[in-house]
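The letters A, B, C and D name the chains in turn, as written, and every chain counts its residues from 1.
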Amino acid sequence: MQLRTILAATLAVAFSTTAYAQEFNDPAEFKKQRELLSTKAEGPEGKPWEQHLGGGMVDTAKFKKDGPHTICFSNAGVFNPWRVVGLNNMKGEAELQKARIKELIVLDGEGKDDKQISDIQSLLDGGKCDVLIVSPTTTAALTPAVEAACEKLPVIVFDRGVNTKCPVTYIHPVGGYGFGITSAEFIASKLPKGSNVLALRIVPGVDVLETRYSAAKSIFDEAGINVIGSEFTGSDRAKTKSVVEDYINRGEKIDAVWMDAGDTATAALEAFEDAGLPYPVISGEDQQDFLRKWQKDNLVAIAPSYPTYQWRTPIIAALDILDGKQVPGPEWNLPQPAITQETLASYIDERMPPLHYSLCGCQDLPGYPEQWGGK
Amino acid sequence: MSPVLEMRSISKAFTAVKALDQVDFDCRAGEVHVICGENGAGKSTLMKVLGGSYRPDEGEIRLDGAPVRFQHPREARAAGISIVHQELSLLPFRSVAENIFTGMEPTRWGLLDRRQMDERARALLQRLGSSIPTGAQVADLSIAEQQLVEIAKAMLLDAKVLVMDEPTAALDDRDAHALLRLISRMKAEGVAIIYISHRMPEVMAIADRITVLKDGRLVWTRDRQDATVNAIVTAMVGRELQDFYPARAATEPGQSVLQIRGAGNRHLRDIDMVARAGEIVGIAGLEDSGKGALAQALFGDQPFTQGEVEIGGKPVVLHSPRQAIAAGVGYLPGDRKREGIVPRQSVRDNALLTLQAMAAVLSLPNAGVRSVAEADRNLRTMDVRAGDFGQEIATLSGGNQQKAIIARWLMQNPDLFVFVEPTRGIDVAAKAAIYETMRALANEGRAIVMISSDLPEIVGVSDRILVMHQGRIAGELPGGAEEGAVMQLALGVTGNAAEREMV
Amino acid sequence: MTVLLNAVRPTRRRTAWLSVNLALVIFVVLYGVIAILQPNYLDAALFMNFLRRAAPLIILACGQLFVILSGGFDLSMGAVVTLVVLAASMLIGGDPDMTWTVIAILYAMGLAVGLANGLIVSFLKVPSIIATLGTMLLVNGLALAWSGGAPRGDLPDNFRNLGRLVLKDVPLVGSLPIAVVILVVVTLLAWWGLHATAYGKRLLAVGDNPRAAELAGVPVKPTRISAFVVSALSAVTAGILIGGFSGVSVNAGRGLELQAIAACVIGGAQLLGGRGTIVGALFGALSLFALFTLLNLLGLPQALRDSLQGLILIAAVGVTVLRYRRST
Amino acid sequence: MSVNATPVAMTRRGFRDVPVPVVVIALAALIYVTAAIVTGQANQISAAGLTGLLQRTVALGLVGLGQTFAILVGSIDLSVAALISTVAVLASYLMQGDPSMIVPAIAACVALSLGVGAINGVLVAYWGINPLIATLSTGLILQGLLSASFTFLSGSVAPSFQALAYQNLLGVPLPVLLLAVFALAAWFVLAKTRFGAHLYAAGGNPDGAKLAGLRVQRLVLGAHVIASFAACVAGLYLAARLQSGTPWIGRDGIYDLESIAIVVIGGTLLSGGKGGVLGTIAGVLLFASLDASFNMFGVDAFLKQVLRGAIVIAAVSVYAVRNRGHVA
């Protein structure tokens, strides 16, 4: 063990330049989100995508316009299943409201900030849009483009924010701290002090993911639970499984697995299966494959969510704005539920593909389930 | 008159091999000093030392009496040493002018002065008697024209010493003669010219002095009057070569192996020819006469698009080299490096390549131990000198590489052999060996078609000579015909005009 | 690529096994360090598990080697892996009876991609680095468009077992993953194809000097095309193992093409053709994988894995180049 | 050195004689205008639309210009993507929004990129490492160090620096002017200076160039330094445009492979010695107009990738198919 430490230290020294990490530990935001988690939602019952947690309303009379409307959407990209399901939700919502919508134009930024900026520019130049929805690739990068758009159109931002108050509203669920709080509190409640938890994360440096870990870490620290490792898996199942196998092979006892995103949760569990070990306590996410495995193998688990139903909300907001109705803003906090043992059964739908996000709120949309890949 | 260039006791070793051992050499202004030697004798190494590509281990170079040490070719060039390289050193996609001025571009206000480049390039080419457009892309020029550009490049700086390393190797006789005329003109201008060649008639025609190298050592340097071809060859190979060309076929040729009727393609028209078992048919002609195209057509590389071809009495379609091989044709390409060897494979694998190529795809690579033994036997028959047949062929000399490729075809036992420029750039001893092999192959009952730009070779080796002109066979001559007669047909002119061209 | 061609000068045949030696040495050293840090890696079971995880990369490296020897590159391998994993889940749809049919279909797809690559390079004369970059985008796009960006359907156990199942209590070796059996079979096949058939010699000749090979009667285009086919089929095999090992994922296969090329290079293969061995590729891939495992064990920042991979690549090639130089 | 002297019949007229860049630019214009008209967005052909189109070319265009130099000398640079990320991150980290740090930050970035270029050049030209491997490795090393050191968006550039990316001069966005100036400078160097002529010589026939007295190794090194410098400018531009750099903007932008693709599409020979700036600009225009047209048609993100792959192959094969020799 000592040798490993020395080797690691030498290499770390050799490579560490000016190690710099942005601070993702914002106690005020942590506290705020913790409160939001328990806030009673306002809005129609059973339709969380139309609800909001506290906050004010903004007046939009000045944007009132006769329909039908052309809604433009600059998407960061569809580079993971979460965004794929989300985009389907948005298209489904638009289909549902097709009487009021002339056209929904979607430009895909392919995950490149530079391209998304140009995309927004060309949407403005095209002159067809009545309202612009933006899901930014990165917060800072898209700010100037969004500011420019605000001067011409009502703008709605969702998922990730921008560093400007100019959009009419910014739609998002409670947030990363909330995600971390829900999952880590569940794990802490199931384990005695001194237990070991392995944290599996996708990539470093993504704001919405870093906050999840930061919240979970502080809760684990508080509860006296050891985080024996924090590993990045790049959303790669093979990598996830290998990493977990390596930890198991090292002979470390793993009581729980915490994940900042659940798409490789079943791969992590398989590592335990293959090693002939009992399943750990685990926090995943609301994908079907994880929920089914949970049910089938009676896991001790929780599925916090970063719900994809938030993709429905911007369309609703856009139409309201163009009708001149008040909408929640300038921040629209959506509820961020977690799936627990009690509610598990209701979220499982055998027709849906394994990586479908159950909190899509899409069951009532036209084209369900085929549009979402279901049978 | 004191020499412009003196090289004293030059030695150069590569790992264990001494490429040059205490060689003395000099050259005077206004003389042509020819260097002869087999491949590997050290000629090219000596010139690379002179040109700054290699640094000598010992020895001294004096230019106009002052010692010089070159670290890089640019320094040699700046000192007035220009080299026309054997391997063309041109840029295929750049213009003639750009090529001539590579590394010496004139500038005006710091910018390329293209007008000056064009003008001076044109003037230079005119001096060489050529009217190649200076803006033409080099890849579009013929080999001969490229050679001229290469020479113009070397002459750009008023060179004190001009080195020409086998400049006529790629040229046909007409162009070679033009080049020789040019050399006499430059000699008259007072340039010291060092000339490397294997072509004895050429050597005797232009040399003022002759130096022979062998195995990295100086054998002798003599005035031309004191040297004979025999003496030179003897000095080069270390023994007398009485019968340089092997005896012609003793018996009458047998049945026809190859019969072509009315064949043609983009470059060839109305080809009718026969090659019989036991004979060597020489195909002569100028660079663009179609003799190369005929070889390619015979091997299915650039197929005939019309006419009939029979091999061994059976009509065959030759649309690819594979079909030609299957029909019993063997082919020794003209450009060993680019078309012959697979450089990083072993000598043995090079010899086995066609066998492997024609075998069933998933059969054993050597079709059993037998074929390895056979390959080794053929390589030994061909007298390929390699430390080990498992060694990469790129490490062998050109002559040995050529022999290994012939060994490749011996494995295949073809009825018809097409030899393209079989001895280009190969030293005298290897040449003789290759001629003997060709004759032996013929004597075993094969038909041989030899395409060559080397007139003495055509005349000396062939049993019959077909001369091509403008894509047609212009005429047939018996073996041993006068070179002039061949030239006459090749040029497509009357006797007197041909004589004039020859001078 | 003149500079590329000149990068490593042709020399003695000794160098072929020298470079194999180098990859072997790197592997042994790295695995040794792993074993010091984590002695149970010396257990047969853990070594087998290591092999199971390394199997896809080794198989990819073997396939890539065919293309490298023919003088080209295959950048489309990773995309083929992605296609295989997604297509398997879509086509099987969780039905175990479909597994073998679908595997046949997957190989047919691989065949199509390989043929496309080969035909584009041979007949349209597009340099392979560009051609396979194009097919990489194309195949990846097709896979994602077909699955709608998220895989539908599960992989049944009999499919998963190919990459996942470990046979216990096997004589001699103890535990034996199916993936390792497949690995051994594929490596032997690749070795046989390259070093024990006329085909292998043709491939080397084509990569070394296509014009000379053509004039020696080698069917250059079919040979070259077949190399791309072999490469694509090996990618299918690797894809099946990866899908089996860890299940459906849209990220499976990303970046594997470069790792496979790196493995070949560490194993002494010469880019642009003419020189290289399966044993070299095997140990090159093992070295690379041992490096990844070691870095996991050390708990170093993930990112440094890239840096070390880069350093090892430069070092491996640099040492080979220096050796060639010295021997000339 | 062989010069392709296969006697091509002297009837080379018509399509074959049209320079590749002109064909590519015409194709780009055709695609863009057709898309605009068919989708009824004729206003995209306005000044604003075209400016938007040009804006899309800036980052890739800058990298591509540098890549042109590397490819012209017969090398290649795969490290540009990592370098772009590094420069963008470094610039925003050093500036931290402070205008007084603009100059030092730029200086540091330029110094860093020149260093990286020099390392690439030394590895390729002096150490004789295959450029693909050498630059892939330096890219990996850079990327690893970067991701390990900067886990997140680090600081932001100064507002006045950011403004540079958004300001117009005479109705033309500054970045477009920057690209134009850079392209002009690159063209000037290649076509009008001795250095440029020497680069062509070094790529077209390295041995010949050396014999003609050129210092080929230095030239290759120089080309790599220029390629890295261009990547640095692209990185600075992106930092300005995005306010702060992330450690993965280069990788996500696929600037390495895409820059090679546009250079080759523009008719520059991968083996070096032939091609130029105009071709690269044509290539980047083609990519940008494809991007814009896909947007106008609302092509699905995955299908877009398929089409892009197909078009890369098609564009290169249009003229590559004329080659008579073998291509690998």
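As a convention for this text, a residue touches a chain if its C-beta (ideal position, glycine included) is under 8 Å from a C-beta of that chain, and two chains touch if they have at least 3 such contacts.
Keep in mind that what you see is a predicted model, and the values were worked out from it rather than measured.
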Which two chains have the most contacts between them?
C-D
Using Cα averages as centroids, what's the distance between chain A and chain C in whole Å?
35
Approximate Å spacing (C-alpha centroids) for the pair chain C, chain D
29
Centre-to-centre distance between chain B and chain A (centres being mean Cα positions), rounded to whole Å:
72
Chain centre separation in whole Å, for chain C relative to chain B (CA means):
44
Of all residues in chain B, which are in touch with two or more distinct other chains?
338
Numbers and ranges of chain C residues touching at least 2 other chains:
149, 211, 214, 301-304, 307
If you look at chain A, which of its residues touch at least two other chains?
15, 78, 204
Pairwise, which chains touch?
A-C, A-D, B-C, B-D, C-D
Within their complex, state which residues of chain B touch chain D.
51, 53, 72-75, 77-78, 83, 85, 87-94, 98, 101-105, 107, 110-112, 138-143, 146, 153, 266-267, 288, 335, 338
Interfacial residue positions of chain C with respect to chain D in the complex:
1-4, 6-9, 70-72, 75, 120-121, 123-131, 133-142, 144-145, 149, 207, 210-211, 214, 220, 224, 258, 262, 265, 271-273, 301-311, 313-314, 317-318, 321, 325
What does chain D use to touch chain A in their complex?
41, 43-44, 46, 48-49, 52, 55-56, 59, 93, 144-145, 147-154, 156, 162, 166, 238, 241-244, 246-247, 249, 252-253, 291-292, 295-296, 298, 301-302, 304
Which of the residues in chain C come into contact with chain B in the complex?
10-13, 193, 195-202, 204-205, 208-209, 211-219, 270, 274-275, 328
Tell me, which parts of chain D touch chain C in their complex?
73-76, 123-125, 127-134, 136-148, 203-206, 220, 257, 260-261, 264, 270-273, 300-310, 312-313, 316-317, 320-323, 325-328
